[in-house]
Structures are given as structure tokens and as C-alpha cells.
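Below: the structure, in C-alpha cells.
Naming follows writing order (A, B, C and D), and every chain is counted from residue 1.
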Amino acid sequence: MKSGSSRERLAERAAKELRDGFYVNLGIGIPTLVANYVPDGMNVILHSENGLLGIGPFPHDDEVDPDLINAGKQTITTVTGASYFDSAASFGMIRGGHIDLAILGALEVSQSGDIANWMVPGKMVKGMGGAMDLVAGAKRVVAVMTHTDKSGASKLLKECELPLTGKRCIDLVITEKAVFEVDKAANRLILIELMPEVTLEEIAASTAADYVVDLK
Amino acid sequence: MKSGSSRERLAERAAKELRDGFYVNLGIGIPTLVANYVPDGMNVILHSENGLLGIGPFPHDDEVDPDLINAGKQTITTVTGASYFDSAASFGMIRGGHIDLAILGALEVSQSGDIANWMVPGKMVKGMGGAMDLVAGAKRVVAVMTHTDKSGASKLLKECELPLTGKRCIDLVITEKAVFEVDKAANRLILIELMPEVTLEEIAASTAADYVVDLK
Amino acid sequence: MDKSVASAAEALEKAGVKDGITLLVGGFGLCGIPENLILALRETGAKDLTVVSNNAGVDDFGLGLLLQTRQIRKMVSSYVGENKLFEQLYLSGELELEFVPQGTLAERCRAGGAGIGGFYTPTGYGTPVAEGKETREIDGKMYVLEMPIRGDVALVKAHTGDKHGNLVYRMTARNFNQPMATAAAVTIAEVEELVEPGSLDPDQIHTPSIFVKHILKGAHYEKRIEQRTTR
Amino acid sequence: MDKSVASAAEALEKAGVKDGITLLVGGFGLCGIPENLILALRETGAKDLTVVSNNAGVDDFGLGLLLQTRQIRKMVSSYVGENKLFEQLYLSGELELEFVPQGTLAERCRAGGAGIGGFYTPTGYGTPVAEGKETREIDGKMYVLEMPIRGDVALVKAHTGDKHGNLVYRMTARNFNQPMATAAAVTIAEVEELVEPGSLDPDQIHTPSIFVKHILKGAHYEKRIEQRTTR
């Protein structure tokens, strides 16, 4: 997972959740890379919660503008048809269910779709930023994360142990080993894809959450 | 009161409530006439709840624009420094206490500052429009009305009899006979001015609300 | 991402307009109303409609046209004083009516669009509007709990729009169009000028494209004036 | 109605800035922050301040300058990750901190400006943010009651303003400046360009003059970039 290629593979898989015409919010880190895998000919408009629809590529040196940044505070550009708005309006879009898809990182996801991604144990809490609004508001929320933590413990849990970012809000989890749908009603995950060369046994050994297998 | 001059006198008196730098909302009817009595050199910006700050005079024939109307649906113009906004933003200004002064007509006002001005007995109810928001939200609310109804009954009451537009929200009442402050805490009016040639006896005979006299 | 459609009729069909739906219709009086969409809605014959609109048009223009054809079952408005047919239909029981204070109506639409589950407003406390509603004292002031409004379809009118659905309004024609554009499952915008994406200044877009599903250039605008007042 | 003042210092004095007040400070990261007002605030020496701002600046710029001088007693923010001094002051107990989800922070300011007594948001339900707050099920979904934020003074930054106080922001520098401008007893706006009333298109004003009490042209803008990222 630390290697660039593993991160890229996750981003590439996450990009398959995009649909033509979607308005999408991409979180910081791996989710940001998803923008590089939008299929040719597909129109996807990227939302930045600090007040922009229509994120473009990073600027050339001579295009850098301090008034134009994304939610990760990076300098950016815009695409044709972009619009700016204030933070209250921006989170109105999010909370009101107008964002078709949010993709974000996670520390833990539970089998009922709870997510924890803002308080790291033993570290100073930096704040939740816009994450709580995004998981509560976007029409569909996809978590992208490593399957296990550094000690090898599952990050897919029956119940999250860390303080939550949101309850029952994750629809899909993508890890370097597999892809799971969240069956909120049944309170379990559904294993729908294995990454190349990953076995069902490996998933069983590394997954604490309840899940059923329904490979597609 | 039916005569133009009586209406004008009421408007002229109401205009004395204006202060330099005030943002003001004027209701339909006599309150609209107040705009004609803004003292020279005083800056007052008029708010129209359909989405405008900076109402100007009625247009010349060749200036009429169907996209530019006031809350009474009359064609208008704007003054220098005007701005347009949507209805939610407009009533945010009102509800948020940013309008320094609202002047509006009334059917009844009670001694605790209740006002009734949207349901006329025996008539089809047309709706409250923005009146309930204005009386609840403006920093200071002045009612301008005839002292008595057509049958001679007082419109200044202990308790309103008609359905209310707002509770405890009127600060000052101006009639063709007198001016009253509303002492909400004491639940009574304070008679502060008599109009020319009106006597205290005449007020006593035509006023149902409790009031004390403290002429200024 | 071209959201433009050729006609108001096509937009209404794509939006799935049918009997019994709730429509949010922008405008204040006759200012900023979606004239072409209202005419096309009349042609669809869709009936039993609930229409949320600040006003109800006049007898022979705007929403008054849909009263003539008896397509509206219920109006949610703040003021309906300009419409005589309205009164007849209401008194005969053919038309339901819910009065909502103008600011509460705008805020309920905004709340519907912004995912707010309910809000406390001082407006209407102690009046017939608050009857049956929860009230609450907050910091010594009394408030009424009001709930969001969402529509199946919103019909809004802007002056200029691009094919992505970005909208710019003109003068006081903005009014309810802006909050209503955010508050429906499907929003259709009609504009006087339809331009290519990139033509509008991104800093100056009133309604971002995310809220608009279909956009059309209106075939004809009458822009009738209710109270022509001159000096 | 000329609301312009000659300097940030004059504006702060007229606004009655003093120890213990609550300030709303616009900006996202270092983008769109009122640089000149923050510098002038440092010079006033006002302390025990509660500052509502999405972020806390960096160690040597923006609100970080007021952390250096220990003028801030409490921050209300959604994210403070860019500031090392912040962490020290917090851990030593010199600084209080209230985390508010970014969207809830923006909406609470908007509510403060728009006279909303409280609102129900789905954000934060079931998380530490909801602890001690009223929750409620509305139409099958769970919500948390959040209360409005109002400040004694708001410090905002726009790109252009006129002497009446009308403001136009530029690009993503709009962010919290717009809702915060509405939510204080006194709002001071600093701008890069101060123009005569009538210079701005009335259709394109982001913050109408009614919200702004004092306006000034900033003496100097550094507009520092936190993450200069190029391709």
C-alpha cells in the first residue's frame, strides 16, 4: 500500500464507481488520484467543499493563484463551466444530497456502514473538516483504505472502535484486497470482488467484519 | 383618513422615525409614501422583500422593466449602490435583524405590541405575504393606521380580536390622532404625541387599550 | 455534459411530470415566472398537482392558466390576492390552500435543498400559522419549528444559462427561483439566453449546474407587468 | 453612506474590539483571510478572544500570529492541522478548542445571520459531535439540533467592495467570508480594491451592504499559499 502503484490501483478501481454526469467529491490522499482515471468521454464534475464545482488539473507555474485552492489547500485550476460559491452553499449541496458520489479514506469501517476517519489514537486531533458532512450527505459514499492496519489487524470491523465520523453511511469499501458492498439492512458486508491474486482464504483471515460472498 | 392629505400627514410623521444610515422596509399603502419624506441629506436604503436593497423612484415610461418590481408588484427603479438577491437571502436579512426599521399598516394593535393585519373579517384571506417575517424580524417595527375602524371602534386594543400577524413585536403606533410607544414589559401603551388639535379627552374616548400619558 | 432540451414539453416529459406530483414554481407575482414551462404544463394535462409558489398568477397568465384548467389541487403560497378565479375555486372546495409566510416559504425551500431536517423561526409565533406546530424558547425568544419543502419537479426561470445548467438571474426576477432550484428531485430551468459553457463568469453564477437537470431556451417571453407604475 | 475607514486599526477601534469578545474570521486555510485586520488585531493587544474560524492559520501567518501573542482563549474550528503552536497551546491548556464539522460551522453562521433559532442537521449524528445535543428522527432519518453562531465582530475579506459596503469575492476566497459577514453585530470588510458605489453590477454582489459596517482597502496583501502544487 505504501507503493505508488498500489495507491494507483485503488484509485483506478474507485474510478469504476464514476458515472457519466456525476457530481463527485474526492477526499484527500488516494481519493484525489481518482481524478486521473476518469474514462475518456465521461463527464464528471468535481466538487471542492471550500466552494467550487469543476476542479481542473494542478496549475502550470504561471497559473498559480492564491485565491484558487482545493479542500486540501493545494493550488488548482478549473474546468469550463465551473462555478464558485460560499461555504454555506457548498455544504448545502453536500447535505442536500446533490453530490452523487463521495470517495474518501477511512481508518475503520463497520459492517453496518459506520465510518471512523478523523481521530487517530495517540495523536493530536486535527479536526473532522468536511468529512462528517460528506458522509452524512452524499448520495453514495465509497471508502478507500488499506484492508488492515500496520499491525495487521482488520480495519473492516463488526463495530468501529474509534470515534465515528458517521453512522450507517458507507455504501462500498475498496481495499487493496477486495471490494465490499455494505448491506446496511442485514448489518453485514457483501464481498463482491477480489483483487488479482487475492484468495477467499486471505480475506477470511484478514477481515473481522461479518460478510457474505457474492462475487460478481 | 381617506383624504390624501391625512395619508400624507401620517407618512410625514412616520418619516421622523428614520435615521441616517438606516436600512428600512416600507409596507404597502401609507408606509410606501414615507419614502417621499426622507429628509434632505439623510441616507436611507429601502429594502424590498422580493430581493432588492436600494429602491429608487417609480420609473419614467421608457425605464419600465418587468424584471424590476417592488413587493407590491409595482415597477420601480434602483438607486446607486443597489443589490439584488434571492427570497431566502432577503428574508434572512429580515429575520436576522438587519433591517433597522419596518413601517407597516395594521388592522389592530394591542397594548402588548401584538399586531393583526392580514385577515380581514368577512373577506377572503389573501395571505400574509412577508408581513409575519417583517414584524418578527425587523429591529424596530412601526405600525401606521387609522385610530378607529369605520364604525368608530378603537383599533388600539387590550388584546387583538383578529388573528395575529405577530406577538409583542410593535414598538410604535402612529395614528391620525396620536403617537404611542408600546411598553411591552408593562403591557401598556405610552401616549407620547398628540396630533394637532387632538385633545387628551378625544384619545381617551377613542382608545380601548390601556395607556399612560407621557407627552414629549 | 449538455443538459439542454429543445422544448419545454420535452423537459417536462423527461422530468416525468404526471398527475399528483408536487411542483415548485419560481417567481414573485408575474416577475421571473417560468412562462414557457407553465404553458407546456397546461398542455400535458397533468392534474391533481400540488404547486408551491409564492403567488398564484393572475386569471389569464402564469399559474392562473392551470387554475382555469383545474389542474391544481393544492397551492402552497404566501399571497394569492391577485387572482379572482382562485377565490371561486377555493370557496367551492375545488382547491386546497396552505398559507406560509413568505420568508418561511423561502427558507423551507432552501432547507429542502440544503438537507436541513427542520428549523426554528420566530416568524408566525403566536399566530394561526403556528397552530399545531412545535414551539420552543431559545435564548428568551419564542420560535416555531418549520419543516423543509421538497418538490418532485421545480420549474424555474433565469435570464441566462449555459448548457451545463449554470444560471444567472436578472434583477428582482431572481426571487424564489434560486431556493426552489435546489429543492426538487428534478429541476428544469428556462432561460431567455442559452449560452455555451464557459461564457459565464464562474464568480457570478447564481445557481450552479449541480441543481439543474434540464435547461431550455424559452420560445417566447411575454413578461407581463402586474402594476405598471410610472412617475 | 460612506462606510470606508482609513485603516484596519481605525475599523477595529470603531467596532469596539476589546478583551473577551467573540470574533468571526473568514477564510479557508490561508485563502481569503483578512490579513490586514488580523495584523491590526494583533496590535490592539485585545486578549481572551473567542475566534470562530474554519482553520487557525499557520505558525507565522494568519490567525497563527494571534496564537503567538496568546490573544486567543478559544478557537471554534473544523480543522487545525496546519499549526504546530496550536497543538502546544492546546495540550498545555492555554487554549480551548471546539471542533465543529465544516458544513455545520458554515450553517451555524448562516443561521446566526438569518435569525434561525436552531436547525436539525444529519451531520455528526452518532459521533462525538452529537454528544449532549438533542437528536430527532425526521422522516426516518436521524438529525442533530445545532444552534446559531453570532459574533461581536466579524472580520472578512473580499476582493472588491464599494464604499456602501457591497462586496464581491474572487474564486475560492469566498468560502466562510460570506456567511460570517452576516452573523456579527459589527462586520468589518477589507478589500483589495475599494470602488465608488455604482461601480459594481447590482446583480453580481455577493454580500449586500446591509451586512457591512466598516470597509477598508487593505494596505498590503501577501496572499500566502499553503500548498503550492503545480503540474
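A few remarks follow.
As a working rule, a contact is a pair of C-beta atoms (placed from the backbone, for glycine too) under 8 Å apart; a residue touches a chain by one contact, two chains touch by 3 or more.
Predicted, not measured: the structure shown is a model, and the values here were computed from it.
Listing every chain that touches chain B and chain C alike gives D. More contacting C-beta pairs link the chains of A-D than the other of the two pairs A-C and A-D. With each centre defined as the average position of its C-alpha atoms, the distance from chain A to chain B rounds to 54 Å.
Centroids built from CA atoms put chain D at 35 Å from chain B.
Chain D has its Cα centroid 28 Å from the Cα centroid of chain A.
Shown for chain D are the residues that touch two or more other chains, namely 107, 110, 114-116, 121-122, 169-171, 202-203.
Touching two or more other chains at once are residues 84-85, 91-92, 94-95, 137 of chain B. Those residues of chain C whose C-beta lies close enough to touch chain A in the complex are 1, 110, 112-116, 162, 164, 166, 182, 197-198, 200, 202-203, 205, 208-211. The touching residues of chain B, counted against chain D in their complex, run 21, 23, 43, 45, 47, 53-54, 78, 80-85, 91-99, 137. Looking at the complex, you find that chain A touches chain D at residues 48-52, 57-61, 64-70, 72-76, 84-92, 94-95, 114, 119, 124-133, 136-137, 163-168. Residues 28-32, 54, 77-82, 87, 90-91, 99, 101-107, 109-110, 121-129, 142, 159, 169-179, 206, 223-231 of chain C touch chain B in their complex. On chain D, the positions that touch chain C within their shared complex are 107, 111, 114-122, 136, 138-139, 141, 143, 147, 168-171, 202-204.
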